[in-house]
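Pasting the structures here.
What follows is chain A paired twice: with chain B in the first complex and chain C in the second.
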Partner chain A sequence: MSAVESTVSGAGRRRFLKGSAAAAGSLVVSFHIPFVRDAEAQGVAAAPEVNAWVVVQPDDTVIIRIARSEMGQGSLTGLAQLCAEELECNWAKVRTEYPTPGQNLARNRVWGNFSTGGSRGIRESNEYVRKGGATARMMLLQAAADEWKVPVAECTVADSVITHAGSQRTTSYGKVAAAASKLTAPTEVKLKDPKDWKLIGKRLARLDTVDKTTGKLVYGMDLKMPGMVNAAIRRCEVFGGKLKSYDEKVALKRKGVKKVLKVGDDAVAVVADTWWRAKTALDAMPIEWDLGPNAKASTASFAEVLKEGLSAKEAVVGNQSGDAAAAIAAAPRKVEAVYTYPHQNHACMEVMNATARWTPERCEVWTPTQNGEAAHAATAEAAGLPPAQCEVYKLHLGGGFGRRGAVHDWVRQAVEIAKQMPGTPVKLIWSREEDMAHGSYHPITHCKMTAGLDNDGNVTAFAMRISGQSILAGVAPQAIQNGKDPVVFQGLNPPGPESSLGYAFPAVMIDHAMRNPHVPPGFWRGVNLNHNAIYMECFIDEIAHETKQDPLALRRKLLANAPKYLAVLNAVADKAGYGTPAPAGVYRGLAVTHGFGSYVAACAEISVSADGALKIHRIVAATDPGYAVNPQQIEAQIEGSFVYGLGAALFQECTVKDGKIEQTNFHNYRPLRMAEMPVVEPIVMPSGGFWGGVGEPTIAVAAPAVLNAIFAATGKRIRNLPVGDQSLKKA
Partner chain B sequence: MTSGRRRLLLAGAGAGAVSLLRPVAHAQTLLSPPDELAALVKAYTQGAVVLPGKVKLDISPLVDNGNSVPITISVASPMSATDYVKSIAMFNEKNPQRDVIRVLLGPRSGKASVSTRIRLANSQKLIAVAQLSDGTWWSHTVDVLVTLAACIDI
Partner chain C sequence: MAKLNVNGKSHEYQADPGTPLLWVLREQLGMTGTKYGCGVAQCGACTVHIDGVATRSCVVPAETVKAGSKITTIEGLSPNGGHPLQKAWVALDVPQCGFCQSGMIMAAAALLKSKPNPTDADINAGITNICRCGTYNRVRAAIKVAAGGGDAKTAGLSIQHADGSLT
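Let's look at the complex of A and B:
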């Protein structure tokens, strides 16, 4: 591998890397920092980069640089496919590595945005990643042509082998890479027509599976460095509360404990030789908190506030056409319903963690993050050093789901601890309890919907009031535009390419009364599309029931002019056999939506036993992401969306009592279990012409498809999420 | 995050990838403030020629949270009766309020340095301008990346 280990932190780090390589068998790609030209010091022959995206080694190994983070969603492989498609290299010899955020800053953001969220990894970067591959290909071909002194147009390439047919000569990328790296990059780069793609669209195996399966991959929690100490932390469980006092003597007399430190104004950490010693000493230490103004807040008190918002005069409009209020007032019949959605924690399998080393001159952080640049910025701010004197080494994530993207609170904490122990690497790992107490939670909302109906049961107007939390108000209030959080209206927006309402109603009024309880909101996989799709899709079912129409027929009618919505809806209906009898006791439910640029639909088949026990038998789910880079990986994302989405729909709620989250671990915040997981039959149906995301949209149809099937089975309309212990016995 | 910004990022990154070996050309494009920003400066300076240099706008090039970002604008000046800084101002490209700060100074100000905290709505260009007592105008343009939340999908 041409990539050499980082030298930024000196020989100590090099020894660590070599040591851990011996211990763990090898190193992870994440640790290879490719830009340092001290091959001599490494004893490694460093190959020059052809361009920022591509390094070719003499043995034709191609290293493709991936700016976005891998957290299980498969973008690492998909992005490599995009680059390799244009590069025309031998896929069997492709490897990947992360550039660092520090290098991105130093090189004028040559790799663009590092943010890995909003299902944007591929759809936002596909063009420049492909251009990176195409540019490198052109330079490699030019280098061969220069060597042979033939026109470059007479040279062809396949699988890294360059051929000049006229003189029957061949060479390979590895042989000309050094010469190519000295050429000026072309400015005119033409990308392939999608019909000519050979790698994009292929069901290629993931590039990270083997390392993950063998345990070769080192996650943040597993990181070890010479001289490293371990930190456990406790932050005031009441959001907004402060640290008042603690009795460090109790912790300091315990075995292995090195230090007790105040972290910011709301947390205390114990540093010890092992994490468990730090954690148990922290548990034993008396701590006093100033709980602040939110000490009495509760889920019930939030509900009162949100309920008031449902009828509040002031609200911000997200989608309006015609005069919905007048049409509803004049309607001979109405359908009306109120739904609610709870706070939820991301509950990543891997808890928040970071290793930091601070000196007055430099601060380095090793952490799993969805946004290396944001982690870098947080590091610099917490370190009190310019970003150029800081670096972040990204590690693969043991789950992200949005928790590791917007708010890098754990990175700040790790740096603040390391800053109090100059030169010593400190690994901070949150306990599961800390992770549950300090999430950035799925926003809480209530929703009131009203449909006006004419005498024939046609919808004349649709009104929807969402009352509740704004994520942007919590994490980026500067992005609120004239009091409007535009992200609130995901899936409900007027027609457009991103997250639009597909149904054609004669009049529409969708607005938001912002109500922000003190629990910090965050981007939870699927974000606002989750509850919006539940509200919309369940309410469509309610209208169908009230007007005695089949839910599929009503959707088809309202989506008559929305062909992409209709296509995914019809695909699931056809494959599920909607309209044909289901097995005895089995009932079907549908949902369709548009989010993160993609069109998705699901049909759930469920049964409910006489005593109210739910069994989800089968899910058919379709996605039209425009272009499907790796259909196998998209299928995995669709399936995973039901693991995550159904757990949330059925079981997960973070309740607040005395200002703090009550759930502490997976015993009282449980995910879906193996036996509860239905068979998922994914349909990947790219219609071309646009780039949609796949990591999030399908989550949004998981819950409503099942809830609608529950109604079909029992006549019970579940309007408050999660289903939890609400009785499903037949009404 | 508007689609305009997205396009800008795409274009910027794409251009960056291609023009890696042409750093001079790329740097030049970055140094030219957008027309709107130039118009704001022009209105403030009443059309006077503004040269780059002498002023230093100190702000982190990478910001995690745009809510409160420290800035310092300074000019190396003796601040004597005959050689001093008369005014300092700063404008931005993408905040709702483009006109961030205007400061009038004189010899008795002691030093030509102002610090404050500002809110940054998005990644953008900032320009600080200063007029010296000899009537000349000077400026410093800085690109700031605000690493906004990951999952914004509008």
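Let's look at the complex of A and C:
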């Protein structure tokens, strides 16, 4: 058995990747269609599927099909738990595989949506995934009952072993799977009561860990195929610019270089035997660009546009109650502040890459993607072929964070290159510099907030104007309705189950003046909740300070009728010891919000040295996701989202000069590192009754909790992100 | 043909002068466990050992590695993923996306050779690799578990494994 075939979680991969000892131990990928030839490869009879979600092999190995992508967030394991919970199979023999988008299309979307973003993987699909497991269980039991000629109601199952107590007979899923696969699926399926769950809620180990510790897991970048060539690409660094000319002779005379190809109207690729040769030839090749209309744009010019939006007459309302403007006008006192949030790149550890093979009849793509169906659509469009003649094979992602879901620019490029070399598999890998120059950036916004106060310091009205980019306007303009991008208001919506403002103000006006500078915005882990929670939670702190109230007491007062917000807030305050003395020199800050269906809060403990150096010591973080499928993985997501969120809050900004992004690599786009990582104490507190996401919500409370603690320590209110080189020396 | 000693075996390869060791490993020798992350020695995803020293292979021209030098990659760290760090990594479910983890483990292995019982400060100084998913705290815990003899229960994560064991 080859290295790849031993992949613990890689049953799906096994079906289209064949390990090979040839070519100095390199990996060779076959072009077979998944599901069919794994059995051929292993010389065993192919196991028929019980239903779309479940395949049981004769040795009782259960393969659970996972439609959503695994990018580190752990939902591959969580989704398998959901299916296995109802299936009643032996967890130790569970494997997973990805169905392909092409099969989903051919089978009338039997696996539903493949999109893996917005922390939706589990919360949106849990019901039909559990039903998939329950249906398969019923069919397997029926097959055993039929064989024994006993009523199915007399049969029970545990850990893949079916028992008929009356006749003391047992069999196993593997033995009856072939018969079960021929049965008609039941239409009436009853799911377990949550109190009877055995796997959901357990702190189970992930299914995909081992090969990530040995280097065996094959990422998109690692693919190797017979006859494959490698491509490096450069797209005009100014968004909207075009390719004017290039001197291909310079590249073509270098060793190993096979082709220099125009890609679309704004990029050029060098194709060579190795990627290193392709990349260095591209670096050496003179290229001229038509920089287009954005050649003079800069971060400063964007700021002017956004600043104007803060006082513009036209704006789209997201949350309104009462007459906030009148109440503020009549208020004896006001608190007012303006905040800003920058462009940021996702900077996934694995840069964008895809391998494509095009013939006039068929186009296939292998790529890490958060949305196999969108990658499939992009493939078909770029290939100029009907979707039925295209296929996409997903690989585990080396990070996603939203970059690999909405737009598949790198897939289109790979297909456009492959189309110019029919029959030859081409692996396109972006350099880190290309990845930094062509992100799908966290949108920029400015935000002006005003609170009207009465003579006792009570808030009488709250007004919030957001000015800035709309992600949907960039990636899905058809989703904009009457000028409104609903995603803009994450965490600020009227009361409801999704991303709502918890604070009860007598009057509220929250609106958005859409301003879309040319740098393309995208969904960036936490999306608009990130900056909205910073704005809201820091401003609540400002109100508390102005009215001489404790920030926790003020939040409790305003959240008196929002018990789920209060519960997470109180949990972090209690565990952190808020209200009791902190260690000398250590200060605390709080934040609470609601996003992606979950309630989250954080309490940060920080210190600032005399020369202004920040140290984040500890963060206590609570999340109520309704149901917690795998608490130890939720804890990992909480910790991880703080790394992502704190790196962004402290260091990260993509600035624009002459129309292009100035940051090029990790030396000038700095992530958080080990030495800066605080202790994180996660509290997972599922209250039941709803399904919230976990990959993103907690990122939103990381920054405001720390910023509020910085204010407590120094009296300095950081209103422009990132903290960067703003002085934190005590005022 | 030039030669490199990788994971105890001598390999012949052909590459243009200046080709980084990383790309010789990945493209000439077919060892893709070592990753490209930045190309400028910032992220550490490409970390290998050269004569036991953790080295960012993306900035080391292959021809500058002496023929007698011993290179160890993630594929050669242990025969079957049995290095104490790999065991601790599995016990604590350290990886998320996993892409940086080869380099992270190689950096940690070099750290433990020079500091068998590293302090938090030693870990901070020795592990400067970038992880975007944010596994740092479990990386730290796993290094301590490995250094402390391998009892993963000391990390207090309470993870239930498929074989029924609990760590």
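In the analysis below, the second predicted complex is superposed on the first by the 689 of 731 C-alpha atoms of A that agree within 3 Å, B and C clash if a C-alpha of one lies under 4 Å from a C-alpha of the other, contacts with A are read in each partner's own complex, and residues count from 1 in each chain.
The rule is short, and it goes like this: a residue touches a chain if its C-beta (ideal position, glycine included) is under 8 Å from a C-beta of that chain, and two chains touch if they have at least 3 such contacts.
On a predicted model such as this, the values are computed, not experimentally measured, just so you know.
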Chain B versus chain C as contact partner of A:His408, first or second or both or neither: first
Which superposed partner A:His518 touches (first chain B, second chain C, both, neither): neither
First (chain B), second (chain C), both or neither touched by A:Arg719: neither
Contacts of A:Thr214 with chain B and chain C, given as first, second, both or neither: second
Which superposed partner A:Lys307 touches (first chain B, second chain C, both, neither): neither
Which superposed partner A:Arg618 touches (first chain B, second chain C, both, neither): neither
In the complex with chain C, residue positions of chain A that touch it: 23-27, 71-74, 91-92, 94, 202-219, 221-222, 224, 230, 255-256, 274-277, 280, 347-351, 396-401, 429, 431-432, 632-633, 635-636, 639-644, 665-667, 671-675, 677, 679-680
Residue numbers on chain A that touch chain B, as the complex places them: 51-53, 105, 107-113, 115-120, 124-125, 127-128, 131-132, 135, 183-187, 189, 370-371, 373-374, 376-378, 380-381, 386-387, 402, 405-406, 408, 471-472, 475-479, 486-487, 490, 493, 498-499, 523, 527, 529, 595-596, 696
Residues of chain B touching chain A in the complex: 1, 6, 9-10, 12-14, 16-23, 26, 30, 60-67, 95, 119-122, 145, 147-154
Of chain C, residues touching chain A in the complex: 11, 15-16, 18-20, 23, 26-40, 42-43, 45, 73-75, 77, 81, 86, 89-90, 93-102, 105, 123-125, 127-140, 157-164
